[in-house]
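Got some structures for you, see below.
The same subunit A turns up in both complexes below, where it pairs with subunit B and then with subunit C.
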Partner chain A sequence: MAPLVDTVLEIDTPEHLAFRTRIAGPARRMYAWILDLLLRAVIYMVVVLALGIFSVAGADGLGMGLTLLLVFLLDWFYFTAWELLTGGRSAGKMALKLRVVRHDGLPVGWRESLLRNFIRAADITMLPFPPFVLFVGPMVMALDPQFRRLGDLVAGTVVVVDEPVTMGRAVAVTPEEGLLSELPASLPLDRTDLEALELFVHREHMSPARQEELAEIVSPFYADRLSLPRPRRATGFLGALWARAQDPGRRVEQRAAPDGEEHA
Partner chain B sequence: MNREALVRQRGQHWKRLSELLHTAEQTTGTRALGPSGISELAALYRSLASDLMRVRRDRLGPDLERHLDNLAGRAHNALYAGTSVGSSFKLSTLILDFAPALRRNLRFFLLACVLFYGPGVIAGAAAYTDEAYALAVLSPGQLHDMEEMHSKGHAEGRAANQSAGMTGFYVYNNVGIAFRCFATGILYGLGPLYFLLFNGLTIGVVMGHLARVGHGENIFSFVSSHSPWELTAIVISGAAGLQMGFALVSTGGRTRLGNLRGHGLELLRQVGGAAAFLVIAAGLEAWYSPSALPPVVKYVTGALGWVAVAAIIAFAGRKRPVPDDVRALGGVSQPSLRGVFRRPPPRAEADEGAT
Partner chain C sequence: MSGDGTSFEARIVLRPRTLDETMDLVLAYIRLYHRDLRWVAVVAVLAATLPTLAVWILSGQDARYGAWALVFFTGIAERVVTVFAGRHLFNNPISVWGAWRQVLRRLPFNLIVLFGVYLPILMMVSGVEDDDAWLGFGIVLGVFWPLLLASHAHLSEVAHLEHLSPGRAAQRARALVSYRFGRALGLLLTSALVRFLFAIGTYSAGAFVVAAVLQLQGAATLIAVPLAILGLAASGPFMTLVRFFDYIDARTRREGWDIQVRFNAIAQRERQERARSLAA
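After this line comes the complex of A and B, so read on.
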């Protein structure tokens, strides 16, 4: 099969099980990065205030030394510390449900983590293109199909979405009940059709008019394929198709598979 | 088998797997589950594999498939987390493997030396003979500050309080420079090229200028004890950066990214060593270099420092076996000075061909 043109990381396991994870996009990663930046600023301020005690005690040099040491650690080891303690999630990544993994899907180790966070210095290099300033990292991410920045490329890591997936989310489309009985038990739909229907019926934040507009584009094809008259309400028709495909009770195997294949 | 039957039959197992994973994720990983829990988890994971195959083959619904994909991913991570090849951090490994890594890649080290010390020596000599040269590189204000800073000797030493502050500054500033010098090597080596030339030039001009205006002993006695560690560390991180850039160009038959990834650990070894050198340098620079000891003692310390640095680079970790990742890269023979300028032997064919 041709590789999926999608932001999906397919991972092959020793069990010959290929599972898929969603790759995190640049915007989401940027929000996470900003959160981490803010947290670092807060840590910095709290510690600087606490170290003020050295100034009071007349040892302001020691206070300054410790402060700079802290800045150094925050600059270079903040992310590594988080990633090693939490299995690839900094505070910002936790908040946005992201996780750093190796490209084989395993959690990051200290090598990958150190490398990807050292190279961060190159990723935040700014290239002046007056009147704009371009950061190297986001540009590299924009060019890479897996949205990796330079640090990810060197360390062999990918940032993936780490959200619990639940079954049976709310359906935003009401199937047309009258149509449901007219549909045959076995629908001439393949996997990509089902996937598209699935996405369509779960899509929220769309006005009914726009829903109908989109549905009208594809519903004639399905109606023709099923030798049905063009539907009156395209949205309801697609909803009915989806409901039938989901309805397990009346579902019939699409391929008349011989029994032996069941054990293959 | 239809979807409902599969969910009815297997749903409890998936739920149980999810519970086990939740426990493992919230605590210390699979260890928290105990032996029986781990084998239960492994068995559930294997049966999930066949469920997932079935869902895919019979197209039992994208949402179900995603749900099982997610479970499989979490189970895979939980089960294999502990075995990610030799992932436990050993500081000793990093330190001991540093010098051999440097020797294996000596040509980058030598190149970095030339890029750093070359401009340094030339600019130093030029600034020593002609003030106009120093003014062409640094502004009058910068030169004046330098003269101010080093116009006095170190007869009074430096207060402990101030030294503590400077330690922090030297770690922040110098290790930061070295790390940045390495990291920007990913830009086809342009970063280290710039940092090495720039720092070499600046340091040379400052030294030459101060010697010309008669503060020679002040500055040389100050820098002599920590400079072996600090300068070498900057050269080493520059060398690692250059090597990273070169790994993008000369890929040894691998893809660019594959070659880069393959070099990652070897680069990390060198940067780790450089960081250790810089911590030594920061300690010396803050506490020893500005002390009231007579210049002669500091010069001797400096000379001993160079001997120590040279000895570490030449001899440390000689008995260490060649690490697996280096072996996998191929083409890297036993370290020897003669091998530096020789072309690496041609790689064996079909290493990663049609697999």
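After this line comes the complex of A and C, so read on.
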């Protein structure tokens, strides 16, 4: 059977640690590219206006020369400069939370950055006749499993989504407080169980009936593992399990509160 | 697997995704299953392009007739792709002709939806030459139309994949975009942008072949409209898959399909462990 289709990249580090990161596709990269294009246009306009001082002073040639130099630098070194200064992110990539990395997950170096950005010219080929522009890059990106354009293929780089993991997300399930006090501090739950519970308690906009329907798939098994009777409200039971897994000391604090001895 | 033999095992990793990630997923899906999808896509593109071109040429290259024909033929062909993808994604057998039969069986409903969806555009196209009032009315309607369209973004998927009546399908489609109206609006705008890019891209590629490869300078302008029609039709299968995968995303979020898959796996593991311990 074919593997399940996904848009993540698995990287094995030299320390034999594997991590998964989302590959950035053509849509997101196009928005970043447009933002960079706009920024370059703004820089260009501001500098050209500033260079207008040379024509006022009668040195038209110098102004024109500096303008051409600026166009050359912006065309060929804008992305490389950003990527080297910010660890693989141009302004547009920062806004869209993207980062260029080497195929082994390490930060992009000056060689890779120069190479991928010099080949940018081939990704957007200019023609002297209609249609004038040929978007080779997006077509190559659409065909590559890691959405790499020509420059990425040559330089051995890949663009990934650089989104931080969100902690403290809203919990959509209310734990059954009565059950919570009955649960042991150490739960017989493995990583698979905890990941599934994590998804369940944070999923918003699900109807209570659907929550209950889903919770009833696993709650009898968890109740048996803990030698507890079948829960009356499966959703609340799973909520309590998750809350206990997050804060194993909660029962101790609750029970200690009346006499205050257990804290001591 | 359900009692009637319908499989619910998706070929993709089910989890909530952003719209751009959904588009990436569609590209990855097409790359992996292009052999399965190619005929439905080719038939859909041809079924949309050839009759539209015929109508456009026979009407003396009248843009109004061309637009009406494009709306009709493209719309029907896209619904066929929706039905096909709905079966294919969950490992259920479906033939191209089977998908066509299902769509044609609900032709009146499809026609009403299609002309409802594209009404302002058609009114504006019709009004350009005949009557300014129609043009004005079309523009006014066009301002509010995207909001209405976004709130029914998944009408086609709901109607064809959940086999609901038109009224219930509309109600269900509205429910699916509650809490994600902005995203539905984004899907609508993305769809318009992608269709435009496909039209431009097909024209560019065609013009490049004609002018640079075949060295027929000047012929590119002659084939501009047919190439743009081909491009718009070719965007159909891709955008239909994007809309369908977005529908899957809406259901994954609202109905926790990804959670169900994980919980079922846990339940399965528990049952196996119990069976093993009983056997021991």
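Convention: the second predicted complex is superposed on the first by the 152 of 264 C-alpha atoms of A that agree within 3 Å, B and C clash if a C-alpha of one lies under 4 Å from a C-alpha of the other, contacts with A are read in each partner's own complex, and residues count from 1 in each chain.
The criterion applied here is as follows: a contact is a pair of C-beta atoms (placed from the backbone, for glycine too) under 8 Å apart; a residue touches a chain by one contact, two chains touch by 3 or more.
Quick caveat: nothing in here was measured; it's all calculated off a predicted structure.
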Under the stated touch criterion, name the partner, subunit B or subunit C, that contacts more residues in subunit A.
B
Once the structures are superposed on A, label A:Ala27 by its partner contacts, choosing first (subunit B), second (subunit C), both or neither.
second
Figure out whether A:Ile11 sits in contact with subunit B (first) or subunit C (second), or with both, or with neither.
first
Give one of first, second, both or neither to describe whether A:Phe77 is in contact with subunit B, with subunit C, with both, or with none.
neither
Classify the contacts of A:Ala142 with the two partner chains as first (subunit B alone), second (subunit C alone), both, or neither.
second
Should A:Phe200 be classified as contacting the first partner (subunit B), the second (subunit C), both, or neither?
second
Have a look at where A:Val101 lands relative to subunit B and subunit C in the superposition and call it first, second, both or neither.
first
Once the structures are superposed on A, label A:Leu62 by its partner contacts, choosing first (subunit B), second (subunit C), both or neither.
first
Scan A:Arg210 for contacts with subunit B and subunit C and give back first, second, both or neither.
second
After the superposition on A, what does A:Val154 contact: first (subunit B), second (subunit C), both or neither?
first
If you lay the two complexes on top of each other, which residues of subunit A touch subunit B in one and subunit C in the other?
195
Interface with subunit B, subunit A side, in the complex: residues 11, 13, 15-17, 19-21, 58-69, 71-72, 75-76, 87, 101-102, 105-107, 109-112, 114-115, 118-122, 125, 136, 150, 153-156, 164-169, 190-191, 194-195, 198, 245-246, 248-249, 251, 253-254, 262
Spell out the residues on subunit A that touch subunit C in their complex, using ranges where they run on.
2, 4-7, 22-28, 31, 127, 129-131, 133-135, 142-143, 145, 147, 192-193, 195-196, 199-200, 203-207, 210-211, 214, 217-218, 221
Listed in rising order, subunit C residues that touch subunit A in their complex are 10-13, 17, 19-21, 23-25, 27-29, 31-33, 178-179, 190, 200-201, 203-205, 207-208, 211-212, 217, 220-221, 253-256, 258-260, 262-267, 270
For the complex, give me every residue of subunit B touching subunit A.
1-5, 45-46, 49, 52-53, 58-59, 61-64, 66-67, 69-70, 72-73, 76-77, 80-81, 84, 87, 89, 159, 161-169, 171-173, 175-176, 179-180, 182-187, 191, 244, 257, 260-261, 264-265, 267-268, 271
